[in-house]
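Structure below; questions to follow.
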Amino acid sequence: MTESPPVNGLPIRTLAEVVENRAEGGGGFCLTLSVPGWPGALPGQFVMISAGACAAVERWDPLLPRPMAVYRGHRPAEAGGTTEVQILFKATGAGTRLLAETAPGQRVRMVGPLGVGFPPPGPDQRVCLVGGGTGTASLYEWALQCARTQPVSVLLGARRAQELVGLADFEALGVDLRCATEDGSRGTLGRVTALLEPLLAEAEPGELSLYVCGPTPMMRACSQMAVRSGVRCIVSLENNMACGFGVCLGCAVPMTEGGFSLVCRAGPIYDARDVDWAGLP
Amino acid sequence: MSGPVETAVEFAGIPLRNPVLTASGTFGYGSEFGPFLDLRRIGGFVGKSLTLEPRFGNPPPRIAESPAGMLNAISIENIGVDAFLEEKLPALPEGVVVIASCFGTDPDDYARLAARLSDSPRVSGVEINASCPHVKSGGIEFGQDPELLKDLVRRVREHVSGPLIVKLSPNVTRIAPMAEVCQEAGADGITLINAIQSMEVDVETRRPVLANVLGGLSGPAIRPIALRMVWQASRAVDIPICGVGGIASAEDAVKFLLCGATAIQVGTINYVNPMAAGEIADGILAYAQRHGFSRVADLTGALELDRAPVS
Amino acid sequence: MSGPVETAVEFAGIPLRNPVLTASGTFGYGSEFGPFLDLRRIGGFVGKSLTLEPRFGNPPPRIAESPAGMLNAISIENIGVDAFLEEKLPALPEGVVVIASCFGTDPDDYARLAARLSDSPRVSGVEINASCPHVKSGGIEFGQDPELLKDLVRRVREHVSGPLIVKLSPNVTRIAPMAEVCQEAGADGITLINAIQSMEVDVETRRPVLANVLGGLSGPAIRPIALRMVWQASRAVDIPICGVGGIASAEDAVKFLLCGATAIQVGTINYVNPMAAGEIADGILAYAQRHGFSRVADLTGALELDRAPVS
Amino acid sequence: MTESPPVNGLPIRTLAEVVENRAEGGGGFCLTLSVPGWPGALPGQFVMISAGACAAVERWDPLLPRPMAVYRGHRPAEAGGTTEVQILFKATGAGTRLLAETAPGQRVRMVGPLGVGFPPPGPDQRVCLVGGGTGTASLYEWALQCARTQPVSVLLGARRAQELVGLADFEALGVDLRCATEDGSRGTLGRVTALLEPLLAEAEPGELSLYVCGPTPMMRACSQMAVRSGVRCIVSLENNMACGFGVCLGCAVPMTEGGFSLVCRAGPIYDARDVDWAGLP
């Protein structure tokens, strides 16, 4: 399993106030939350968010909170203060559609930061981040941090241009940025794996660290390509979760070495070789 | 009334600071809640069900969501009794009441396990999980057959001198006879209910959502069923009852106490709000105060019935 | 696929326009839905359970609300079989499929009632309610004891030549044996589930919310339990099954079909949205179309299982 | 049981759009809905309303719709058009607190009009309407209609002045209006029954028709007073309901003559003598 620097703050449970909820096109939303006492997060950590649970009436449908990567804003709050934390999500199911409806001033219940952060690349390595769909949200802070010390390529994939979440923010980073869309509406026509292929082909083993977050089939494909090329591949898994802090055992992922690992606690960041991809639903 | 309210209760011979416990499988081994909740604010916790050997659970997906509920098919994944006794227990702060849950495939397993746990000075009581709704053998079979259950409890009782609690399955035609055999076999208390056997389907893939096909339904959806069973069981036996199933607020907890429970357990809601158990403990106190009860223990069975009830 | 989809199914020998029925006790005697729904848009409806004589129900309060569910203790209040045959049936538009539900305190009651109803040319089938969770005697007792149930169904079968359906109680340890005895005793189909015995308490008055203390839980909360029982029953018997319990959308209905139901019933959601049954019928058709089924009937049992399931 | 003029339109089921949701103080709200195809309502009829059920996500907690009197706006919609219908309610439980949160532009699910209307007074009778709490909402349109043809007194009761719902509208009617509050903050100190007493004492039997809507204890008390005075008393009951259109049998009220009556269909309007008040919860 991957090592990572220690979490720099214990998770908190709080009511976060919605500062802004911006529709990004393609069903995507960027939610800015004001979080009292935010302890800060490592790039790659996530929060559990319940939308609509703490309006005037407690409503238990939907019941469970949803895991969401901390997109931007991992700085801890000053003593007694608040930090703005951003979440990028797509309104697909019950939880995210409710989240899409929350308006500034409303509050959402939140637990976090949870999970471990990304393990650092080797000091001389190039870094390549591959994001698919909302998986991209996990990568922004990491791209920002890596870009300070090493060359970074970011490959983003989505079905169509509008669904390339956070594109403007990644563009502003000034890193090597390439896109692939399945309808060709932006960048290369096809999947993001098509962008990865030449990059891996060029790379010497050991020269590159790959960080991937997106739909399972995409992560599986990237992982196989990386293994073939002998390149280290780190993935951020997106399992269903009930608690997010290691008590329900609902997020278990099968491991190559046998047994299961809890994505919410040992993950969501894994070395791709440690994950038994065949056992993933 | 504004005098101080006594919150302490005794359940199955275990003195508790207040009647709020947390349910097995929803509270890990206790330490996971460190960041959210001082465990000394609640009566105690029941640990994840343990087996003699460490055990892996079912393959994923293991959870699904349903209206006001969730399904799980974890299947008693646990670190095993040794690791629990050697690693988890010593890490807990002083003064935390620990009830250990045990699970086996035959009465001998249960008896050995319960005896080992009961021998630990840090374990205040042992809860027999005779009701896991999604394990291929063991568990639910005991919880569904009064003869098997009686035999199981009797065997464990022989090996355990400390407080012995039996957790019953809701997947039965009548709960009262199950409670009665526990009492006859020497149990000190009864916990009910476990999750209700259920199923969920993904219409897009046309497959069961859970890899195990069947799972257990828990959460607010099942609360009225749990409440009914607690009421029926409390009328059938004299040993104390711990009510569990869908408790999400202090009012919910009070309903179980009124229906005859001596203590309650907070389960699924721990996932939604890891501070819930503490808030519920505070809320029960406030309720007792508001309604002029000088002891929380007096809420137990304080339900008023207008008419002869239909059981 | 864009060809026309055949929506007709046959349930218990009754040809239905589509698999959507409405559940007994949630649809009155049919005419109440006139303003909201053309009854010819759905497969048919099951009327409120009838007794030989008109019957008053329980005193109020009779209903309560719970998370994603409701409790009721109506207790078979009905106009009696005569008024149903003479007043209600003739008032219904042509082409509406009517299934009559009957309830009694002993097998003779059931048999006489079922025979009278079955003799009417406007009644397409008779559903035996062997499962009312809140009547002092009758109903649930039959639904909880396989021997009593078998005897009941056999007696009714002797008097009824037309389609005979048995509605089962969910308040049993195992549903499969109950389904099996229905099949053995000659039932043409099985409906499940009825409401689940439950209780709700008002913490302010410290009394049960329902005057009857106990009631039946229905609505989306119970759907995963109903789905599990339909799946278990459909694996145990060959006679067709009608799935009911918490169905609120076409997707919910499809889940029951995939788990082996031939038809489904919409219950509590009729109260929330009196047009629900029609919308669900349309939605099932759309689902079949979208997923390339040329006949809705092919959805029945089309669940795919990866692994050997745990029953 | 009371006779009443025939319902002037079959009930509809529709999504009504919130035009305005005005907090009235004391926890009261006046909700204005734009209802397509509204068939019109008789004074005394009601609607079933589900708040929050038809947002982006169907949520089944709380599950059941709530009965609410049509406060104002019983005129039918023009062909193809909409009518504004007003509801007065107090945010107390889950359903009404959700309703209190709905904002203009949102839609609520609605079924109605349901139940029967008020039976007319005798041609030469004086009319006295007694409203307690939100029960007052049932009486406004009836006061308006009666005031066209006969002398009307309106007696309103509440715990405190702020909770006298719809007061301004009743004042604008120009009828004889008297208030009672339990804290004396407006009108007589005490209950509304204290206002009714002198009125009944003065009245000759047959000269007065009484219409009462409010909490059960208040209706029970008014009914007993009216019976003692030989005055006809019509009440509008507020039972819990699941469906509102006669199919769940949940709203049954015990009758003096034995058996039960369905408040949603035979009621909510009853002659007080027909109701078995002892059997009401």
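A, B, C and D are the chain letters, set down in written order, and residue numbers restart from 1 in every chain.
Operating definition for what follows: a residue touches a chain if its C-beta (ideal position, glycine included) is under 8 Å from a C-beta of that chain, and two chains touch if they have at least 3 such contacts.
Only a predicted model underlies this, so the values are computations on that prediction, with no experimental measurement involved.
Separation of chain A from chain C in touch steps, taking the shortest path, is 1. Any chain bridging chain B and chain C, meaning touching each of them, is among A, D; the list is complete. The distance from the centre of chain A to the centre of chain B, with each centre set as the mean of the Cα atoms, comes to 35 Å.
Rounded to whole angstrom, the centroid-to-centroid distance between chain A and chain D, based on C-alpha atoms, equals 53 Å. Our note on geometry: chain B versus chain D, Cα centroid distance of 46 Å, whole angstroms.
Shown for chain C are the residues that touch two or more other chains, namely 66-69, 211, 219-221, 248. Residue positions 60-62, 94 of chain D each touch two or more of the other chains. Viewed as a contact network, the protein chains are fully connected, with every chain touching every other.
Within the complex formed with chain D, the residues of chain A that make contact are 52, 55-57, 59-62, 91, 94, 97-98, 100-101.
Looking at the complex, you find that chain B touches chain A at residues 25-28, 32-36, 48, 56-57, 59-70, 72, 74, 77, 211, 219-221, 248-249, 268, 270-275.
Contact residues on chain A toward chain C in their complex (touch as defined above): 60-61.
Note for the complex: chain A touches chain B at residues 10-13, 50, 53, 58, 60-65, 94, 109, 111, 239-254, 259-260, 279-281.
Listing the residues of chain C that touch chain A in their complex gives 67-68, 220.
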